[in-house]
Amino acid sequence: MLEGATMSSRVGPPLFIAGCTVPSAPVSTARRDFPHHRAIPTRWNDNDIYGHVNNVEYYAFFDTVINAWLIEAGGLDIHGGDVIGLCAESHCAYAAALTFPEVVTAGLRVGHLGRSSVRYEIAIFREGDDAPAAEGWFVHVFVDRETRQAAGMPDALRASLERLVVTGA
Amino acid sequence: MLEGATMSSRVGPPLFIAGCTVPSAPVSTARRDFPHHRAIPTRWNDNDIYGHVNNVEYYAFFDTVINAWLIEAGGLDIHGGDVIGLCAESHCAYAAALTFPEVVTAGLRVGHLGRSSVRYEIAIFREGDDAPAAEGWFVHVFVDRETRQAAGMPDALRASLERLVVTGA
Amino acid sequence: MLEGATMSSRVGPPLFIAGCTVPSAPVSTARRDFPHHRAIPTRWNDNDIYGHVNNVEYYAFFDTVINAWLIEAGGLDIHGGDVIGLCAESHCAYAAALTFPEVVTAGLRVGHLGRSSVRYEIAIFREGDDAPAAEGWFVHVFVDRETRQAAGMPDALRASLERLVVTGA
Amino acid sequence: MLEGATMSSRVGPPLFIAGCTVPSAPVSTARRDFPHHRAIPTRWNDNDIYGHVNNVEYYAFFDTVINAWLIEAGGLDIHGGDVIGLCAESHCAYAAALTFPEVVTAGLRVGHLGRSSVRYEIAIFREGDDAPAAEGWFVHVFVDRETRQAAGMPDALRASLERLVVTGA
């Protein structure tokens, strides 16, 4: 994860995504841009040998804020429900380091809501910071638990996701 | 992770990256497109409640194939070296499910080699499959361990990365 | 992790530790028996294929409640301090299952405080339960960061541990 | 995990288990004492901030060598079988540190085989070492997947465990 001055390498034209004319992460995202927030306390073994939360764990934070919302607000039954969500694609851009034992906040919104898929946008905030330490996105495709074929979302689930759609996001 | 028919959702124009005129992952990648391979046995707790390797673990596979190469081929000293690699950005597109206790193979190549950064491309293959179960990329920025400012790569490290550059990748 | 009726297998004489005349975990432990508590929200990938928090993660909870205390109450500097704590031995007995996204509470006390080592006792409680879902212990040996030889604890660290000693525990 | 001189603290009478008249781990265990071995390559994020494999990951190694055996040798169907194994109790004593990217070996044997439970003994060996870096044990209780009541083991599963019973272990 990048810190301090290295953060500036993310300002300006995108370096790494050839053929892409938009920055991979908007520079102006703030806490208020996300309709749902969830506190995520870091754990001892999130830290890697370099003393900060390992890049992989950010995706565990994404999984956690997304699925907790689906379960608690959308009624997703992960144990026996007919429809489950599988990850099709995910992405994260890192701007600042996190360190155990701090408590971070994950912001969640929906960028695109399709018939059987949804594209979430997530940001991770350090306590007291309004600029994200990391920003990413995550695509869920909802499928039938047994056949693993794309399936429509249950109504309650869809309704919970509509609450997170941000116009112009 | 997507399976079966849902895999077809990744064929054709990219759906999710507005403004981007190239697919997020080439459709023709095969084992031979990667100059380095590393076997990665899955672990019991890679499986999540849906019975397959959790999407987060693929990034742990990326970290593992990359850093093992840097240490074993490039002489990176993760315990005391002056220069360390931090992750600036990562991405993964999932095409097929993995299941413990299978042994997967991670393919690694370098898509772009800069002065102090490198963009790796990684694919995860199931045993016997030539088409990847997942494809992703990962950007390392090399920094001074103490100041965390961007730093040039040690010669041995750079040489090891040059061996993985694929022309036209 | 055991649930329901299988929990009764932990009542009565200890089955599995030959030669041992004390139960591996007291049957009467409750929240009030622990001077320190920390909330630990579960994460999506704590769940394993059987739908509950994997047995391994309980040890991550132990590590987290212990080290957060050492850092926040005892001034342990995990990044640069001269003395660090290494795990010499750990143990856990499981009585009930946990499931994402519930928030559990870890109780922490000190069973034995030596010159350079400490034996913590930890219990994990489900929300609303006074009987632990799991009980365990964990031995830290404090060592010099460079030589890894046993070292005395810094005064502030020792003082923080003395606050957790329970007489008759 | 302990290293160097601190290892000697595990020789002689057990320090930490009051009331227990046997050592928590035999001091003479070697590779040949285990009828089954499995190579487990470490991963980048096994390392914690102190530069070595975190104590928690050893339990992930236990889970992996045990369940891989049950699946591959005993026919355990973790996706749909009627009987599953839940962890009732686990333990680990640490003698030496492990570091990514080394490949370790897990040795597995059965110390006690009951009607619906089994007590495994596991040791972790570093490459080239005959003395274990860690020793532990793990109790599985087999239960009905739906009711979670103790259940008899399927014949093939029991037969696979009988192959690991070590007389006098």
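Labels for the chains are A, B, C and D, by order of writing; each one numbers its residues from 1.
The rule is short, and it goes like this: a contact is a pair of C-beta atoms (placed from the backbone, for glycine too) under 8 Å apart; a residue touches a chain by one contact, two chains touch by 3 or more.
As the structure is a computational prediction, the values presented were derived from the model and not from experiment.
**Q** Give the label of the chain whose average Cα location is farthest from that of subunit D.
**A** A
**Q** Since subunit B and subunit C share one sequence, what rotation angle in degrees maps the C-alpha trace of one onto the other, as a multiple of 5?
**A** Rotating subunit B by 180 degrees superposes it on subunit C.
**Q** Check C-D against B-D and say which one is joined by more contacting C-beta pairs.
**A** Higher contact count goes to C-D.
**Q** Can you work out the whole-Å distance between the CA centroids of subunit B and subunit C?
**A** 36
**Q** Based only on mean CA positions, could you tell me how far subunit C sits from subunit D in angstrom?
**A** Comparing mean C-alpha positions, subunit D is 20 Å from subunit C.
**Q** Which integer distance in Å separates the CA centroid of subunit B from that of subunit D?
**A** 31
**Q** Using the touch definition from the top, which residues of subunit D touch two or more other chains?
**A** 44-45, 47, 49, 51, 54, 56, 60, 63, 78-79
**Q** What residues on subunit A touch subunit C, complex-wise?
**A** 39-41, 43-45, 47, 51, 60-61, 63-64, 66-68, 71-72, 78-79, 100-101
**Q** Considering the complex alone, what residue numbers of subunit D touch subunit A?
**A** 44-45, 47-49, 51, 54, 56-57
**Q** Quick one: in the complex, what on subunit D touches subunit C?
**A** Residue list for subunit D touching subunit C: 1-6, 9-10, 15-22, 24, 49-50, 54-56, 59-60, 63, 78-79, 84, 86-94, 112, 117, 119, 137, 139, 141, 143, 145, 147-150.
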